[in-house]
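Each remark here refers to the structure printed beneath this line.
When the chains are written out, they are named A, B, C, D, E and F in that same order, and each has its own residue count from 1.
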Amino acid sequence: MPYVKIEVTREGVTREQKQQLIKGVTDLITEVLNKDPHLTHVVIKEIDTDNWGYAGVQTSVLREQGITADKK
Amino acid sequence: MPYVKIEVTREGVTREQKQQLIKGVTDLITEVLNKDPHLTHVVIKEIDTDNWGYAGVQTSVLREQGITADKK
Amino acid sequence: MPYVKIEVTREGVTREQKQQLIKGVTDLITEVLNKDPHLTHVVIKEIDTDNWGYAGVQTSVLREQGITADKK
Amino acid sequence: MPYVKIEVTREGVTREQKQQLIKGVTDLITEVLNKDPHLTHVVIKEIDTDNWGYAGVQTSVLREQGITADKK
Amino acid sequence: MPYVKIEVTREGVTREQKQQLIKGVTDLITEVLNKDPHLTHVVIKEIDTDNWGYAGVQTSVLREQGITADKK
Amino acid sequence: MPYVKIEVTREGVTREQKQQLIKGVTDLITEVLNKDPHLTHVVIKEIDTDNWGYAGVQTSVLREQGITADKK
């Protein structure tokens, strides 16, 4: 009976990316824990950049300073 | 000191239904656990159907296929 | 596709009380939102009284002072 | 590796207030637990007053009755 | 800045399985969203079977009845 | 009506540190948002180091490698 919550900043995540996350996480749990996928729920929460703080600073401020969360 | 979070898909839950959920859960906790209702908080979170996955598929896709969550 | 989380202080909630909460919340959601109960998951989290703060004070301290959360 | 979630009713919290909450919580955790602030994430969630229940009543109804959450 | 929470019933998840979940989810988010993995935190919560309800019944009761969550 | 959840790894947080976190967060919210502290609940969750992943690795493994979360 797994439940998964994914929180990310609201920065243009597409419908297709959401589907990839949902499918990927559900498959992973099915493989690793052998769970029936019909018992797995995945919820994605997008958080405004004003509302997510990292190291004490709003993400919206970090973005204005040109600091991204991108993989280098 | 109970705190209850109810997550549902955002599919037209009315203000009255929310009040029924809040009242019903608070009464239930008061009865079962004998808690002072002034210490019980209930938070309802409505999740876009693109953001809720079930069995690896977005709820929005399930709805397009005519699959509902209704009680039969 | 509802998911419900109930957080209470860890103060001797019995197995039967947990079952009453699970049954009561699931029935409530089925009635109010007409949801298939096979899509409703309820998770109860018991929190140590040292780890729950109310009005800035640990619940364990409140209990030592004779302050309960009981319904009057 | 702390993660902090702050839930408040959506009643006009300003960008500056959010920054004060993020900064204040991160500083507190750094001081009390000696954690590297680059490992601390703070997420603020604003909840519609129809969706937050207190003592079995929607906050929006409480506000209509002139009952606030303000410090006296 | 993703944060992921995975909730499963406490039924003997091994340390290795936890590592597979953590690695798998982090890789997935890095691929799909191009996020720096140093900003991704994954938290696994194991819930006692008395505390997880499905379709109104405690998982511990379902298990006593021989009903598992295994993939068929 | 604020609710705050603080998640940290379970690495010897003392009762006094928990009280400092609870008091500090409640005071912060009272000051910044002018909220009645009797409506603020703070919940601390300690997560086993096997169950917290950072950058795709279990915290328990990071600790074995001598990597801490301490402020430098």
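Throughout what follows, a residue touches a chain if its C-beta (ideal position, glycine included) is under 8 Å from a C-beta of that chain, and two chains touch if they have at least 3 such contacts.
Computed from a predicted structure; not experimentally measured.
> Given the two chain pairs A-C and C-E, which is bridged by the higher number of C-beta pairs in contact?
C-E
> Averaging over Cα atoms per chain, report the distance between subunit B and subunit F in Å.
About 27 Å separates the centre of subunit B from that of subunit F.
> Quick check: how many Å separate the C-alpha centres of subunit A and subunit D?
From the centre of subunit A to the centre of subunit D is 21 Å.
> Calculate how many whole Å lie between the centre of subunit B and the centre of subunit C, each centre taken as the average of the chain's C-alpha atoms.
Roughly 15 Å, centre to centre.
> Of all the residues in subunit C, which ones touch at least 2 other chains?
1, 3, 7, 21, 25, 37, 41, 43, 52, 54
> Among the chains present, which pairs are found to touch?
The set of touching chain pairs is A-B, A-C, A-D, A-E, B-C, B-D, B-F, C-E, C-F, D-E, D-F, E-F.
> Show which residues of subunit B lie in contact with subunit F when the two form their complex.
Per the touch definition, subunit B meets subunit F at residues 1, 3, 41, 43.
> If you look only at subunit D, which of its residues touch subunit F in the complex?
Residue positions touching the partner: 1-9, 13, 17, 20-21, 24-25, 28-30, 32-37, 39, 52, 54, 59, 69-72.
> Would you tell me which residues of subunit D are touching subunit A in their complex?
Counting only subunit D, the residues touching subunit A are 15, 18-19, 21-23, 25-27, 37-38, 40-46.
> Which part of subunit B faces subunit A closely enough to touch in the complex?
7, 47, 50-58, 60-61
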